[in-house]
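Going by the order they are written in, the chains are A, B and C; count residues from 1 in each one.
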Amino acid sequence: MQQVMEASRVERHSAAALIDRTTGIQAEDVHAWFDRLHALRGISMTVAERKITAVIGPSGCGKSTFLRCLNRMHELVPGARVNGKVVMDGQDIYRPGVDPVQVRRRVGMVFQKPNPFPTMSIYDNVAAGLKLAGEHSRRVLDQVVEQSLHAAALWDEVKDRMNKPGTSLSGGQQQRLCIARALAVSPEVLLMDEPASALDPASTLRIEELARELAKDITIVIVTHNMQQAARVSDFTGFFLDGELIEFGVTNDIFTRPKDRRTEDYITGRFG
Amino acid sequence: MAVNDLAAARSSVRATGDRVFQLLLAAMAAGIPLIMGAMLVALIAAARPAIERFGFTFFVSSTWDPVAGEFGVLPFIYGTLVSSALALLISVPLGIGTAVFLSELAPNWLRSPIRFLVELLAAIPSVVYGLWGIFVLVPWVRVTLTPALKGTLGFLPLFAGPPLGIGMLTAGIILSVMVVPFIVAVSTEVMRTVPRMQREAALALGATGWETTRKAVIPYARSGIVGAIFLALARALGETMAVTMVIGNVPQIKASLLAPAYTVSAVIANEFAEATEDLYVSALVFAGLALLLVTVIVNVLARVLVSRVARGPSLIRE
Amino acid sequence: MGVVTFLCTVALLVPLFLILAFLARTGAGALNWDFFTKLPGAAGEPGGGMANAIAGTVLLIVLAGLLGIPIGVLGGVFMAEYPNARLTTLARFTADVMNGVPSIVMGLFAYVLVVLPLRHFSALSGGIALGVMLVPTVMRTTEEIVRLVPQSIREASLALGIPQWRTTLLVVIPTAAAGIVTGVMVGVARIAGETAPLLFTAFGNRFWNWNILQPVAALPLQIFSYAISPFDDWHRQAWAGALVLVAIVLIVNIAARAAASRQVKLR
């Protein structure tokens, strides 16, 4: 615990060094389809800047779909469509003419199962976002890679084996590697889709601590099926059911004084 | 705003990059149907003089006389069909027997080495088979096999004629060695899949009856093995070098398996380079076109049959 | 029953061992330094070698690769990235059909396409005949391996704000690279031993030739013409050539296996 707190102080510097700016998100009447399946029905939600907002709900409720609407990944699925507004930094990312690739640059994502690039080293994995976009300066890459690994609380564990394959790390380390990779391109928002569900309890806690740390510098939205995790980690929580946002509020309020019957049923474990 | 303009400019370049790359990939993929189409067009065009001159009689006439300009491929068709049939006659029992051995009876440590050796058989080039055929198989057929056959079954017209060593029988033998790996490979695969399906089918049906399992599963084993045979047949029909080196290359239709013969692919191989007049070349291309058509049809049939096994039976019976 | 099937297996493998034995004995016996360095001697005269034939085979493989590898690999990538496109179904069917076409017919195609207009045989036509055989093989193996690249890898790259084409080119293809190389090598091993399509395209040559518009010697062609010749010395050299050819095919196959083992696990 002591070590984590000391490391945190160093990391605080680094995450701030990477993130130039952050923003809240305003979702307005967002609808999403998979072909004819109406997966999201009119979601309106505010994600506060520099806070962790959790999205909870039973399987199939649309929480991952909603997350993918925030970085324009949903539309990559053949037959998928999105309607509505998602405003970041005063701009609707779905306004015609907006480049989805740029949006994905500004909104980082970490996935449920860690997915480091299998043919790349640890260094190359973190640098991938910059290198594949054309950055070649060794000096810049070295600096960003180190900052990112510090920010992801992974630096000490890998600093002596940066050339080893990314897949040679443990599950928890791989996930932090993916977080470092996402941070390296200096996003304004970080989306986390059940980031710890494939990990053991110890790694899960580390990811949660990391999220709390990162939230000091960057807005985070986290999807989780683990209610205790949502309660531990987030400032605000939204409860989804069947593609609708049933209730949204301060995490503590949602979990202790839910307003909607369905929220209460879910939280008390009557379903899902 | 300058930053937005830059972003917009980069984004249109990027969209173009996506489209250009996609077009490039699509163009390459389109290359295959284009090549196949070009091949058909080129071959039909080159065969046209012969097609117009001979038409259907091309396939029923036995006269192959380049000097007189008379071209009939019946002897070659006969040679191709009989040598391939012989090859199947020998390779199918051997191949299925080996497949049974490999999939059911062989101890585990023996499976990989044998499979490796069978793959090795398939990897040896045709001309090397032909070389071995000329210097090892032909003498053996002449000195050992033919006298033995004549001694026991010599009264049959099948084994009439002098022991030359070269001929239809030798071609059939060498073809059988070359196609047997295909039979082994596909049959082993079928025999691995079908027992698994059997177990699953039995479970799904509540193990209600051997009868139902039998009706659902064994037809698939059969169609898979028939598919393997078709695959081998397609290979045998098109095989050129080994056959032409041991079959004798005489365009004749004889009842005896000991007589020299000629196949479609062998006559193209031997005579094409020296074919001078247009009609001669055209006739050979016509023959090649016919060979192409037949092997493609047999191949497609084979794949349909084999893919049925991969898909498995529908457990929803009518 | 067990005995019968075991005997079947033995009967099947006997020719293999016989061939290998003859290659080792007669072939190795005729292998010498001259074989790899000299040109063929005059008919009937002992001596000479197959140096130009070995070089010619290499040249033909290079030409075939130049045609077959780009079309095959990029076409296969297309089929893997757009599995539901109509073009993909068409390409897959055509590739499977082409894999079953007798190789001599490929030679006829190259003849009509190149030899007729040029009015003479050439290495180019031989390379095209072999290249056309390489395309469907490489396309299908590439498609299969690229399809195995998990979607999560693509998503990771796209989520970083990397455009689709760069994702395919710089992330997906490198991930499948070893498998693609394996497929190419297996295809090359197959065409290296082909004789029939070269009989009236590359045609053969008694001398050195690096001009692709002229006929060129090739190892399988040389083996064939020596084997059917009446000269004992040439028969021995044919065995030597066959040994070298089988060795080349084996080495390429082993290299393909080595490449396959370097492929990162995709499942």
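The rule we apply is simple: a residue touches a chain if its C-beta (ideal position, glycine included) is under 8 Å from a C-beta of that chain, and two chains touch if they have at least 3 such contacts.
Just so we're clear, the structure is a prediction, and the values are computed from it rather than from any experiment.
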{"item": "Most widely separated chain from chain A, with each centre as the mean of CA atoms", "value": "B"}
{"item": "Per-chain Cα centre nearest the global Cα centre, belonging to chain", "value": "C"}
{"item": "Chain centre separation (chain B, chain C; CA means) in Å", "value": "18"}
{"item": "Centroid spacing, where centroids are CA-atom means, of chain A and chain B in whole angstrom", "value": "55"}
{"item": "Chain centre separation in whole Å, for chain C relative to chain A (CA means)", "value": "49"}
{"item": "Interface hub residues of chain A, defined as touching at least two other chains", "value": "101-102"}
{"item": "Where chain C touches two or more other chains, by residue", "value": "163, 166"}
{"item": "Residue list for chain B, restricted to those that touch at least two other chains", "value": "14"}
{"item": "Residues of chain C defined as touching chain B within the complex", "value": "1-2, 4-9, 11-13, 15-16, 18-19, 22-23, 70-71, 74-79, 81-82, 85, 87-88, 90-91, 94-98, 100-106, 108-109, 111-113, 116, 121, 132, 135-136, 139, 163-166, 168-169, 189, 192-196, 199-200, 203, 220, 223-224, 227-228, 235, 238-239, 242, 245-246, 249-250, 253"}
{"item": "In the complex with chain C, residue positions of chain B that touch it", "value": "14, 17-18, 20-22, 24-26, 28-33, 35-36, 38-39, 42-43, 45-46, 93-98, 100-102, 105-106, 114, 117-118, 120-121, 123-132, 134-136, 177, 180, 184, 234, 237-241, 245, 265, 268-269, 272-273, 284-285, 288-289, 291-292, 295-296, 299-300, 303"}
{"item": "Touching residues (chain side chain A, partner chain C) in the complex", "value": "71, 73, 76, 78, 101-106, 108-109, 111, 113, 115-119, 128-129, 132-133, 167, 178, 181-182, 185"}
{"item": "Chain C residues within the chain A interface of the complex", "value": "84, 150, 152-153, 155-163, 166-167, 170-171, 174-175, 177, 264-266"}
